[in-house]
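Two complexes, one shared chain (chain A), two partners (chain B, chain C).
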Partner chain A sequence: MKIPLRLAKREDLRIIGVEPVAEAELCSRTLELMGEFRAFARSFSVMLETCTGCGACAKACHSYLGTDDFFNIPAARAGLLRRIFSRYFTWSGRVLGRFSGAAEFGPGTLDSWVDYFYQCNACRRCAKFCPFGIDTGEIVLAGRTILTRLGRAPAFMVNIARNELTTGNNTGILKPAIIDSCSFLEEELLEETGLEIRIPVDKPNTEILYLPSSSELFVNSDTLMGAAKLFHYLGVDWTLSSTLLEAANYGLLFDLDVMKKHNNRMRIAATAVGAEKVVMGECGHGWRAAKMYSEGANGPFPFQLTHILELVTERLPDLNLTKLPIRATLHDPCNYGRGAGLVEEPRKIMHACVEDFTEMTPNRDRNFCCGGGGGLLMDEMTEIRMELGKEKSEQIRRLLPLDYIALPCASCKAQFPLLLKHYGMGEVRTGGVLDLVGRSLVLNRQQDERTSPQDCLGG
Partner chain B sequence: MPQLWVNGKEIELSEEGFMVHPELWSEDVARAFAEGEHIAKLTDDHWKVIYYVREYYQRFRIAPMIRKLCKDTGLQLKEIESLFPSGPAKGACKLAGLPKPTGCL
Partner chain C sequence: MGIILGMALPYVAFSVFVVGTLLRIVGWMRIPVPFHLTLFPVPEDKAGSVRELVLEFVLCRSIYREDRLLWLWVWLFHVSLLMIVCGHVLGIYFLRQQFTLVGLSSETSQTLSVLLGGVAGAMMTLSLGALLCRRLFRREVRGLSEPDHYFELILLLAISVTGIAMYLPGLHAELPEVRAYMAGLLLLDPVPLPRSSPFFVHFLLVNLLMLYFPFSRLLHSAGFFVNRAMLAEAPPVYPTPDRSRPRSDFSSRKIHPDIPCPMNVADKEAGSK
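For the complex of A and B:
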């Protein structure tokens, strides 16, 4: 299926350091880039040479289950790259050609890569069910990086990467707006709690640098307020950075060079405020990029790296949490459950914060993606994203009635409200895990008087 | 490429349908956008939101935080959503002549 993805213009690609390749050189350059990947990541060639086409991945993939398109079966998706790899990089492909499943690079090759690599959320659920552990998510991310270097990248991602490289955050928020928004949230916190809870920006000589999702300064402000309440309660010395107001790293999703450059901002921002510890906020792929790729990209870093949900879990015995009288579930972001091992922590927190915590099935490392991961949040993909989220919507429907779905990832936070509305469940509230921590943390007496879910979830 | 004609002049739009030159904004531009956003008539509440978003953008080069928009205009999020069916981040920003907000939104 052809997708309506808008590709970036040449001039925009140049801003992020990509020089588009001329039409006549596409084939040779593609093969060169594949060769570079093969030399750089052994897993790339191992995964391309190993698939037996058994089909175990088909039913594991929410993209195939939601769209019913053959090429959205992970083995078939990766096959679009595998057959070219086979033709030019394997003995059998060179000699036996199409009889061994190989294919020549042709005029439609790159179009098919764009169409199917961008219907994958890179959730890695296929890898969980593949008898060989072939990770089609990884093949897709490699394929996307190759496409970007050839000059084919989504306008949405290129725009975000430009913001990351110039302002240090996806949304493109500059320091005066950061200060204004944080001051406003401090007033809100004062009004709500009667306490002077601070959200410091660029505070020097600070122990902890906190990296939220920049979307928290636009739409998901309850998540940042939850973090501020937590740090206040614990008496932690913390700050935000105006040069890195972002846990996300879109480079991981379409261009490893961008990933590396944005990742290095962590060192610069942490050094600027003298932080000994960098705490990452609620962002799925950003946590995976930071935890799993920092060392190889720019490491070692002179600070400790942790996730805020790990920090909350560690300090649970010190927190006075009152259980909110709501029925809530947790959606495991793919990049936590299958990407960077953050599985039990959010559950422990949920149990401490709500009276009725219920698990969706399947969960943890077998959870289905919501359909918004892997950077597919662009508007033109909304219709397809609803198909990609079909399995998720069915998981949620089985749990109704529900008051709240906890989503510790900004992509999930953007996708879920649309998905729930689309499948007729718009009444269910969504937000972060930290939002709940902020609401159940007993900072003053008034909180004990709340009795209804509306009181607890704010209106 | 989407187009918008206002008083006989063409207003340049991005591929996503937002203004390329926010400085060329006028109330007539907002009215012209309203039709495509399924807004039958722009009421006082619409203008309150539009002018708030626009003034914030002129000062800070970014759209205001939604929570702040609600607080300062005295409108609930649900009210703003019914004023601008495609939501405050997209509909209100578009009518106020801002570029499209980007990020995990």
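For the complex of A and C:
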């Protein structure tokens, strides 16, 4: 199936350091890049060469289940790359050709990669069910990096990468606007709690550098306010940084060089504010990129690194939390459950914050992706994202009635409201786990006059 | 002809099998793993990881979770394969007297050996047949199948069928003759092939399998370990301990000096930290 993905223009690609390849050189350059990637990462050849085509991964992939398109079967998706790889890089493919599933590079090759590598959320669920642990998400990310180097990358991602590289956040806001938004949120906090709760920016000599998703300044601000309340309550010395106001790292999703460059900013920003500890906010792939890729991308990382939900869990005994009278569930972001092992922490917090916590099935490391992962949040992909989220919507439907779905990931937060509306469950509220912490934290005065779920979820 | 097939081919096939497989594995292992690809949850310690790996290898738990029927056939096939390989070594070396070692009588050992071999052979043929049917009739799997997928299954089927054929009266291969022949091969003093047509075909096919193995998807047996070892790696700890070695040259690689990053100056400072 062709997807309506808008690709970046040449000028824009140059801004992130990509020189698009001329039509005539596409084939040779593709093969060159594949060769480079093969020598770069073991996973590439091992995963491509080990697949037996057993099909066990088919039913594991929400993308295939939702679209019913053969090439969205993980092994078939990877197969689009595998057949070219076989033809030019394996003994059998070179000698036996078609017989061993090899195919020549052709005019449609790259188009098929674009179409199917961008219908994958890189959720890694397939790797859980493949007998060899073949992670098609990993192959897809490799394929996307190769496509980007050839000059084919989504306009949406290139734009975000440009913002990350120039301003240090996805939205592209600069320091004055950051300070503005933070004081606005401080006012909100004052109004709500009657307390002077600060959201410091670039405060020197601070212990903790906090990296939220930049979207929290505008749309998911309850998450950031939850963090601010928490730090206030615990008396933590923390700050945001105008150099890096972002947990996300889109480079991971389409260009490893951008990933490396943006990842390095964590050191720069932490050094700039003199922090000992970097705490990451609610962002799925961002946490995976930070935790799992920092060392590989830029060498030894000389700071402590932890996730805000780990920090909350550690301090749970110190927190005075009232349980909110709501029925809530937790969606495990793929990059937490499978990608970074952040699984029990959000649960412990949920149990402490809500009266009726219920699990969806499957959950934890077997959870289905919501369809918003892997950087597929561009508008033009909305319709396809709804198909990708079909499995998730059915999981949610089985839990109705439900007041709240906790989504500790900025991509999930963008996808869920659309998904729920699309499948007729628009009445269910969504937001972060920190949002709940912020609401159930008893700061100074009793906040317990609230009795209905609407009250405690803020209208 | 007989000399080439009976005396030269086995050596060639076996060398290709061993050297080719090793080369493929070494080829993989020489490539760095630039990032932690840990697929969570992972056990806390090395012993736990090894236990997980062994359990997965022995029981194929991932398939069991998703597709019980596939698991059944896959598992049956691999177990029968193991039985048959062991059975060949023991049965031929001891001329079916291997069970006398555990105190059974000569006749019982003979019968038991024949019986076990027969059962394993039947299991293998049956499971291969089922896997072939699955490839042919399941929409998804059929789409994923290339000609060589069928070729591999049919080759294995042919080997197991010719193996079973030797149970039939008249097609019987004389075990002492086979033993003498194998001994000749192993002692680098080859003697002519035994005169039994199923044995001849069976033996040729096995040689073909060995020749083909390193280039085929059957190498998944090695890929299993290489791949799973990456997924089972312990996650990194921060701050990074001093003793850690660079994972690859990516961490020190200079990239795109022209990426417009106003932070470039600060970049250098942090780099020298």
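Things worth noting here:
Going forward, the second predicted complex is superposed on the first by the 458 of 459 C-alpha atoms of A that agree within 3 Å, B and C clash if a C-alpha of one lies under 4 Å from a C-alpha of the other, contacts with A are read in each partner's own complex, and residues count from 1 in each chain.
Quick note on the criterion: contacts are C-beta pairs under 8 Å (C-beta built on N, C-alpha and C of every residue); 3 or more make two chains touch, one makes a residue touch a chain.
All values reported here derive from a predicted model rather than from experimental measurement.
Overlaying the two complexes via chain A leaves chain B and chain C side by side, clear of any clash. In the superposed model, A:201 lies in contact with neither chain B nor chain C. When the shared chain is aligned, chain B comes close enough to touch A:163, but chain C does not. More chain A residues lie in contact with C than with the other chain of the pair chain B and chain C. Of the two partner chains, chain C is the only one touched by A:55; chain B is not. Looking at the shared chain after the overlay, A:298 reaches chain C, while chain B stays out of its contact range. After overlaying the two complexes on the shared chain, residue contacts for A:135 are found with chain C alone; chain B is out of touch. With chain A as the common frame, chain A serves as the apex of an angle whose CA-centre rays point to chain B and chain C; its value is 150 degrees, to a multiple of 10.
In the superposed pair of complexes, A:236 makes contact with neither chain B nor chain C. With both structures placed on the common chain, the touch criterion links A:377 to chain B but leaves chain C unconnected. Taking the two complexes aligned on chain A, the least Cα distance separating chain B from chain C is 18 Å.
The part of chain A that touches chain C in the complex is made up of residues 15-17, 38-47, 49-56, 58-60, 70, 73, 75-76, 79, 90-92, 95-96, 98-101, 124, 127-135, 138, 165-166, 168, 243, 256-258, 260-261, 264-265, 267-268, 271-272, 291-305, 337-341, 343, 364-365.
Residues of chain A that touch chain B in their complex: 6, 155-156, 159-160, 163, 169-174, 176-177, 180-181, 184-185, 188, 213-215, 217-219, 221, 248, 283, 377, 379, 410-411, 413-414, 459. Considering their complex, residues 15-16, 59-63, 65-68, 71, 76, 89-90, 101-105 of chain B touch chain A.
Those residues of chain C that touch chain A in the complex are listed here as 24, 27-29, 31-42, 56, 60, 62-63, 65-67, 70, 74, 138, 140-141, 143-149, 151, 214-217, 219-220, 223-224, 226-228, 230-231, 235-236, 238-240, 242, 244, 246-248, 250-253, 255-256, 258-263, 266-267, 269-271, 273.
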